[in-house]
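The structures considered in this document are given below.
Two complexes follow with subunit A in common, the first pairing it with subunit B and the second with subunit C.
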Partner chain A sequence: MTRQEILQVIYDILRDQLELPSIQAFHEDARLNEDLYMDSIMILQLILHLEVDMGFDIPDEMLVPKDFRTAGSLADFLERQQEPAAAEGSG
Partner chain B sequence: MIKVHCFVSCVCEAVKKTEGADHRPYYFGVWDADFDVLENGVLTYHSNRIDHGFFHQWYEMLYGIKLHKWYDEKQSKQENMKEMLRLLENKKPHQYVMVMLDLSKLPERENKFHQSPFPHYVMLERTENEEEWFMYDPDFRWEGVLPRDRILAAIEDPSAEGGYFFDAAGIIPPTAQTVEAYFNTCIKHDCNPMTDAVAKIIGLHAAGQEKFPLSGLTLALRELPVLAIRKYAYEHAFAFFWESLGYDEEGFEAWCDEIEKLVKGYTAIQYRAMKLAMTGNRRLVDEITAKLEEQNILEFQIKRGLQESFEAWSELQQSQNMKEAIL
Partner chain C sequence: MFFVNDQYYTRDDLKRQYTVFENIPHLKDCRNRRLAVCMPDAFQWLALCLFVRSKGGSIVPLHPSVPKEGAIRMAIKAGSHFLLYENIHLPIHLSQQINKKEGVLVQMSSGTTGDPKCIERTWESIENELDSYVSVLPADNQTATVVACPTTHSYGLICGVLACIRRGAEPVILTNMNPKYVLKKLKEHPKHILYGAPALLHTLTLLITDGQRLDAVMTSGTLMPAGWLEALKKVSNRVLQQYGCSEAGCVAIHPDVSDTREMGYPLPHVKVEAGSFQNPGEILIHDSEKTIYTKDLGYLENGILSFLARMDDTINVAGLNVYPQEVEDVLQGEPRIIEAVVYKKVHPLSGERVCAQYVCSEPIEEQELREWCRGYLAPYQVPMEFKKVEEIEKLPNGKVSRKRLGEGVLA
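For the complex of A and B:
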């Protein structure tokens, strides 16, 4: 998935699954907590949908990183998760 | 300091403002502070079965400040608000008026937990402008001016019932004996009540009873993050002993890493429980049970490490007392 496609998936989950009231504020730089008013449980719900519905592999220790601060940083993280070998430089 | 416990943070504000008085020992009671599991199997940090009697009593014993509970549950909300206005009207600079309000009614304030309602203690002061009040929220390290009517509306919410008044003019630093007694009262080496409660809740929902469906787990553990951060209270205790003992910074940082691991461990448990609720995959029950066991082992280790530094600190106090007696 391209980064743009990942951002679209995040947007769709927030709109359709979480029915986020602040969805109109969604953009790449929107902070999940401060701008989209998502609490820690909603962020976990978003990640859960990304893992269960979309098949992203998200290890437990990655659950509360700064990677999830904005929609864009979450997309960056998911993009890297798709290419573990390249990210680790072991290819 | 991040949010740990609103009642404790409010009364500590006066201690922090007093030179020579240390607020950190008061946090000993926070890592295993009271919570409740409701009849429907929901974990909660706030219920009518929880009062702050323990912290109330120990605040007075540690710092010599008398806490007056001005909120009377037997009276109407309006009567209680009248009493609060009277206290605010006559308040002197070293006096504090604490009140419980529903923080979710002030959405511009804090949305990290997004709880609604969000019963929470803050402190109030009047300003020169009759329409505005100054609000201290030491638990979230926030203070500022808000419209008086908005604050009153948040206090009026039925979810919020409580208020204290205290005068910090006569504050006295705690003696080593009182700190020792408090530590011994707080440290529980044979159980970690919150982890035990989470295990019980998982067990209830995994048992297949109609009353506790797997799908209910997300709601049942919704307030776990509010309770998990109470474990940061261990950091205050380590810092207090470490400083007195002159131990190295590295050792302290190592304990902070373990405490951080403990707090994050609850996020992993919550995530797995939510996954269990969403997918119904019962294999996750074993994964959660294993993680809970890991949390128990880690927290007991932290408690043992703390006990060792406490004992070293106690010995140091005794030897200092002996020196003083000889001199």
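For the complex of A and C:
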């Protein structure tokens, strides 16, 4: 999945699954907490949809808050997560 | 001694931290002083809490996500002499006034009916609670407490961390709320009792794919929907529930929940009064000093305390009581409904009426919803007004205020 597609997936989850009222503020640099008003429970739900519905594999490591700061940083993080799988696929 | 995420702290680490505190004048002399603490580092926060307790000082825990201005406001409200915000070396001085009582833990109650209240509890009363709590909790000193909830709140601090230390086991405090990380940590401590809020427990339930089993799981704070409990029980060896309030701490534990409303057996250090199954009443807690009126409606049967609703939330439809949770459980059983909340509105002519707001995955005809409810509920329990919303409004603490939703008059 390209970075652009990942951003679209995040947008779709926030709009359709979480029905985020602040969705019109969504853009790459929107901060999940300060700009989109997402609390810890919503982040939990977002992770859940990424995992269960979209098949992303969130690692079982500590999440670095920096990765979940903006929509763009989250997309970067998810892009990195799929790298090993992509390498495997091309090999 | 205890873990914070992957970091293990020994008793010596704690002693060293105490030595650091002893060399900071405003901490050394904290007896009869009230300290508000807002600290991102969980070890430093807990060490400070234990230190101030041992000195007979008072502490006001503030959740690490509170911004500075908010922390100052809350610290002043709680009568704090100074605030430690993210740094133990730079106290923010707030007051010189002498408070009536020190040697207390100060907590902000959830304040569902308005501004949060400050509740003071002496360290002795917390000791009594701990003795009583540990005596009935079915966990030995080989069982780690995994605290996946804030340690600035009494559930995580007293029942999670302090009770675990009291029974001679080592708490595992998780500040990283990645649900996969929580599952990994539970695997590392196979004999555990997990403390979490229903939303986290539900997420964990859905993420378990490899047959992992949770050992013991404690839930508290808000009633878990019946379907969530059922799913959680399938992946856990045992699900426990506890009930309490900021004034008294934990007052009842259920060692093995099968009905979400059953809060369990009252702890030995309190006497709990409530109505009967036929005639539910306000839950009253008598401890050695006082009686607490909880404004919660419940009953005692066969020694088990059951919680029905916040008293303000119970809907009186022409003399018949409707408990919002019961109706919400039915609504949430409809496959397209993601979340539902039931509350009352007062009609000037016909009294109180049941109303519902819901969030759904795809559109539902109101008629279909009514039919669905009629399949499970008495006619007077079926909501008169259904309102589809994008999101159910929550208070800053994440709880729903049924009172707030019901403000306004039924059209």
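We take it that the second predicted complex is superposed on the first by the 81 of 91 C-alpha atoms of A that agree within 3 Å, B and C clash if a C-alpha of one lies under 4 Å from a C-alpha of the other, contacts with A are read in each partner's own complex, and residues count from 1 in each chain.
To be clear about the criterion, a residue touches a chain if its C-beta (ideal position, glycine included) is under 8 Å from a C-beta of that chain, and two chains touch if they have at least 3 such contacts.
Here the structure is a predicted model, which is why all the values come from computation and not from measurement.
**Student:** Sticking to the clash and touch definitions up top, decide whether subunit B and subunit C on subunit A clash or fit.
**Tutor:** clash
**Student:** In the overlay, answer first, second, both or neither for which of subunit B and subunit C A:19 touches.
**Tutor:** A:19 contacts subunit C only, not subunit B.
**Student:** One more residue to check, A:62. First (subunit B), second (subunit C), both or neither?
**Tutor:** second
**Student:** Could you say whether A:38 touches subunit B, subunit C, both of them, or neither, answering first, second, both or neither?
**Tutor:** first
**Student:** Using the superposition on A, tell me which residues of subunit A are in contact with subunit B and, in the other complex, with subunit C.
**Tutor:** Overlap of subunit B and subunit C footprints on subunit A: residues 39-41, 44-45, 47-48, 51-52, 60-61, 63.
**Student:** Spell out the residues on subunit B that touch subunit A in their complex, using ranges where they run on.
**Tutor:** 107, 111-115, 218, 222, 225, 264, 267-268, 270-272, 274-275, 278-279
**Student:** Looking at the complex, which residues from subunit A come into contact with subunit C?
**Tutor:** By the definition above, subunit A touches subunit C via 19-21, 39-41, 43-45, 47-48, 51-52, 58-63.
**Student:** Spell out the part of subunit C that touches subunit A in their complex, as residue ranges.
**Tutor:** Listed in rising order, the residues of subunit C that touch subunit A are 5-6, 176-181, 183-184, 199-200, 203, 206-207, 359, 390-391, 398.
**Student:** Name, in rising order, each residue of subunit A that touches subunit B in their complex.
**Tutor:** Residues 33-34, 37-42, 44-45, 47-48, 51-52, 60-61, 63-64 of subunit A touch subunit B in their complex.
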